[in-house]
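Below are structures written as structure tokens.
Look for chain A in each of the two complexes below; its partner is chain B in the first and chain C in the second.
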Partner chain A sequence: MSAVTAFIRQPLVVALILIAVLLWLGETLSPGFASGQQILRLLIVAALLGIVAAGQNLVILGGREGIDLSVGGVVSLSAIIAGNLMAGENGGIPLAILACIVTGAFFGLLNGIGVTLLRIPPLVMTLGMLGVLQGLLVVVRQGIPSGRAAPALADFVSRTFLFGLPGILWLWVVIGLVMAFLLNRTVFGHRIYAIGSNEQAAFMAGVPVKAIRIALFVLSGVFAAIAGICLLGYSGSSFANVGEQYMLASIIAVVFGGTPLSGGKGGYTGTMAGAFLLVILQSILTTVNIDESGRQMVFGATLLVLMLFYGRGRSMRA
Partner chain B sequence: MSRLQLRGVGKSYGATKALRHADLDIEAGEVHVLMGSNGSGKSTLSKIVAGSVRPDTGEILLDGKPVSITGPQAARAVGIAIFYQELSLAAHRTVAENICLADLPSRSVFVDRTALEARAAKYIALFDGVTGDDFSPDAVVQDLRADQRQLVEIMKALAGEASVLIFDEATSALDRAQVERFFEILRDLKGQGRSIIFISHRMDEIFAIGDRATVIRDGEIVGSRRIAETTPAEIISMMVGAQEETAVAADAAPARPAGPPVLSVRGLSGPGFSDIGFEVRAGEILGFGGLHGQGQSAVLRALFGANPPTAGSVELGGKPLHPKNPRGTIRQGVAYVSGDRSRDGVVTGRPILENVMPIHYLRERMILASPSALAAKALPALQALRTKFAGLGHPISSLSGGNQQKVVIARWLIDRPAVLLLDDPTKGIDLSAKADLFSLIRRLAGEGMGIVLYASEDAELLDNADRILVFNGGAIRRELTGAARTRFNLYQAAYEAA
Partner chain C sequence: MASIEAPARPRSSSAVKRAFERYPFLPALIILVVLIALNGWFQPRSLSLAGMTGLIKTYLALMLLAVAQTYVIYAGDIDLSAGAIVSLVNVVIVGVMAQWGGDGATIVAALAIGLATGLACGIVNGIVVAALRLQAIVATFATSIFFTGLALYIQPVAGTPAPTAFWRTYGGRILEIPFVFYVAVLFAILLVVLVRTRLSLRLLAVGDGQQEAYQSGLPVTAIRMGGYALCGVFAALAAFCITGDTASGDPLVGGKMTLFSIAAVVLGGSALAGGYGTVVGSVIGALIIGFINSLVFFVGTPSEWQNLVQGVAILLALMAGVLVGRRARA
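Let's look at the complex of A and B:
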């Protein structure tokens, strides 16, 4: 394989090419689709997804069928907690952030304990947790009006913050840098890859396999909680199941970005591109008047097609 | 005319000739024992007869007629049954179902449970009184004890009503009464004119039940003897052959002055071994010998904490060591190298650097991993083993097997452990890598490290170990020191009874 084909077959490069193609397609279908203002709006939506996908990415990298299906529930719950604690006042922001992160970490911890100590398969554990969270959402919302975002939070997400970019994009960039550093330059990162690639060998080399896997689920809960806060800022008020769509979307973003569901390889840069790609795709589907159910079908089919690529160990494996 | 005849049967795995041009006659109504050291080819031979390995050359005749044994099912069809050493039972099914698994009685598409239970009951009855508690046709196999599972495996082999039965290490988990009953059954089968191929690691069993013994060495059949007309010593001499002179080279290895004990083990028990006790001194290479799977690996893995022991005490450098997991033992200065590097050693797909560093991360409680600082640590360790690699960032999977194993060993050289446990470390690696590895091991011993070496290749043990403990049936049977470290003594001890 020549250097050029090798380069083109990298998942990140594939995602970037697809992004360009989709933007061009969107512009053709509906002029103005790829305007600077519009791309900025897409990036904000992508950042919300990208933050959830960061946690999903970590859990999947850790291998052993690692997956977190409860992220959507945590996003919703976090948005509701944040909205109610802020109730439209800036003064409530610190407490809201703290409460959301603690909540996300708590449910992540439960997932992690279930998967490692109780040996429940991640798929089952986190799906069960999603059910618990959905039930909790109903209970929490009863009799209490959904809260409203503090003005400062709404500005942070939507208004220009620095160098013409809104705060959430800066947050996303920081998360991207932190993830890259974590995965490549820390012992923790190397150990994530080690347990995802060969858990037995990692165990024999003294890696605390269970502690790391629990930490990954905790981080996934925290990232989902942060996304929930940002989502509240984006939509102004929280409503039921606002985070529902993030379960499937975060998984697709990770896989699009070159992290196979079997774990052990890949990284977050690709996932960021995958998140953006998915948001553009969603926007195009909206542009051509495909409704939510249709979009879900396209998303599901996308994941299956991606699985076909990875399942056969084809060229997209880096 | 012989029941089973092998004519010029050969089998190679790559460049290794596991079996060359083997001629063997098994008579009707005899228990024919196969003997040989590790890797001599006796298992390959029995697998060829049972159809799980296809020979490259030669033919097999049954009652004088050539038969084509294309697979285990074909073997069963012509009347050959095998007891599998590695248990082949369906863990979640009942005893009765497992016994009849190869040929479930059925009415149209449904299993005929009445017939199933009747047939199973016949074989269970053979072991009446020795099966132990809670053994019934309805018991689920995974709830049974190891010896009971082994009995089910034997019953399953018997249920084939085959004319040739192969029992490869079929008595390893059985108690004395169970072995006695099993032998009575074998004598009955003999009386019915059936032929039995018997492989065991216990000389007393071989002399108790065998009629004839055939010795295999380095894939070649050395000869056959009538058990009644031979002695254990003669059989072992046949297994050793003319190699004895080379083995004496062991004496050339300078006996290092023994330092203080670094590792003391007392009364260590666990799955696959019991009441193990020994000492390793600083600067000593202690060898574990014996036939495959007699507890050598299990003891090393237990000491490392990979499969923690159930009883016993261990001291490392005078301080108590409680092996609970590798993490804890590594911190205290224990190192372990597995021969199964794809399972226990290599983190596939990750760079060489990340495969060298994990022990250093742990022992130094590191948080950050700066590639340049790590390279300074990794390079000398890799060079000490003369590892060939293009760059630390290249995936470990790009290396040859020998070099991969060197990377795995190099991870223990950055922070020197007090004791190094080597669990058949040269399995599947090339000769030059082996030489590099053993020269390193001797150097490490010279620097005062205590080393325990289990090698399934006897030559590696004889050439490198200062002292050899011979394992059989999960216990240490003999200690060979000084001039006693000979192939003859090693084989004799390997077959020694409990």
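Let's look at the complex of A and C:
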């Protein structure tokens, strides 16, 4: 493989090329699609997904079939808690943020304990937790108002904050930098890759495997909670199961970013591009004038085609 | 039942351990018996013939879908589109019956078309996962979106009624015995026959070690595709039952069932990593979910708390099953 093809086959490069192609396609189909204002709007939606995907990314990187199906439930719950605690008042924001992060960390901790100490497979543990969260949402929604975002939060998400960009994009950039630093420059990050690629070897080398894996699930819960707060700011009020869509979308964003579900390699920069790619694709489909049924068929088929650009499993013969 | 056991593993010591090894669904069976007893305690009528008929009528679809999921999980794969296949087959058969009139011959033809639809969906999944080697979780999620789109195209909104003859038969009786019991018996026979086929064993072999299976000369790709095809067929059967139960077409009817089908398989003691498990366990797993749901209702849980209590109970059952199963096997 020549240097050029090797460069092009890097997941991040694949994602960026696909983003460029899709933006061009969108602009062709509906002029104005790739205007600055539109791209900014798409980036805000992508940031919401990207923040959830940050936690998902960490859990998947940690390997041993790591996956978190409960993120959607945490996003919904966090949006409801935040909406009720701030109830449209700026003064409630600090308490709301604190409460949401504690909630997210709590459910992440439960997932982490189940996966490590009880050794329940992550898919099973987080699937069960999703059922619990969905039940909890029904209870919480009874008799309490849907909650409203504080004006400052709404402005943070959709209005210009600094240098022409809304606050949520700055938040996303900061999360991206922190994740890059964490994964590439800290002991914790190196240990994540270590347990993700060979847990046994990492354990032998003295890596506290269980503590790290619990931390990954806690972080996943926290990122989902932060996304829930931002989602409240984006939509103004929290409504039924707003977070449900993020469960599988966050996993796809991670895969499109070049982190295989087997874990141990990849990173968050690719995931950010993957989240943006997924959002552009969905947006193109809403601009094109076709039925919901046709839109879903095209979306499903396109996802499959895009997956072919990323890592396929290894051939038996190889 | 001797034929419905998992391949025995060596290094067993006590009789209890051996029993758990041969019948990995034993923990699930114990949970099920306890749940049935509790159901009878809180609502004696739930164990009457009418109560049992109602439960089977409602949960036969989930049992079939759990079995569908099992064949894929045997090989270490997963199918997140199983529920979408149920929805698609549901609207296809209701659509065909409505198109051709609702008499006996057209119902049979519609069911044949439904089976073919399920099979086709399964083969599509098999191609993307086994032949194209995409990651099963994300690839079958993508096909589930596609299948749901197709279902919405065939029938944009829920509500087309199934012909009276169809749901009357499903909910009715033949020779004083409820029809669903005949279905359950046929289902059991089908499972016994399938356990004896080479495909079941080969799926387990692939799940136990793909590379090893390949190197021993097994056609791994074809076997995994066979698992997905079988999954599609059983999903179609599940769709028949749900159509008999709800008596109408709904393009989103199966969506929520996918995750429950996976939970049922795990409850039944099969390993998600593949290579180990039984279809009987998955049927028991589906029944556990059914009995948990009815028990939560019978103990008088306020309606808004029911989902939470069900969720917690299912999570605890999943954890208990995994823990007991492992302790017994280790």
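Annotations
Convention: the second predicted complex is superposed on the first by the 288 of 318 C-alpha atoms of A that agree within 3 Å, B and C clash if a C-alpha of one lies under 4 Å from a C-alpha of the other, contacts with A are read in each partner's own complex, and residues count from 1 in each chain.
Here, a residue touches a chain if its C-beta (ideal position, glycine included) is under 8 Å from a C-beta of that chain, and two chains touch if they have at least 3 such contacts.
The structure presented is a predicted model; accordingly, all values stated were derived computationally and were not measured.
Once chain A of one complex is fitted onto chain A of the other, the partner contacts of A:L303 are limited to chain C, with no touch recorded for chain B.
Touch criterion met: A:S293 reaches chain C, while chain B stays clear of it. Among chain B and chain C, the chain that touches a larger number of residues in chain A is C. In the superposition on chain A, contact of A:L127 is made with chain C only, not with chain B.
By the touch criterion stated above, A:G114 is placed in contact with chain C alone, chain B being left untouched.
Of the two partner chains placed around the shared chain by superposition, neither chain B nor chain C is touched by A:L162. Note: no residue of chain A belongs to the chain B contact set and to the chain C contact set alike, using the contact criterion stated above. Those residues of chain C whose C-beta lies close enough to touch chain A in the complex are 78, 80, 128, 132-135, 137-139, 141-153, 156, 210-211, 214, 220-221, 259, 262-263, 266, 272-273, 304-312, 314-315, 318-319, 322-323, 326.
Residue ranges on chain A touching chain B, taken from their complex, read 185-191, 193-194, 197-198, 200-208, 264-265. Interface residues of chain B, counted against chain A in their complex, comprise 304, 306, 325-327, 330-331, 336, 338, 343-350, 354, 357-359, 361-362, 366-371, 411. Residue ranges on chain A touching chain C, taken from their complex, read 65, 67, 69, 114, 118-121, 123-125, 127-136, 138-139, 142, 248, 251-252, 255, 260-261, 291-301, 303-304, 307-308, 312-316.
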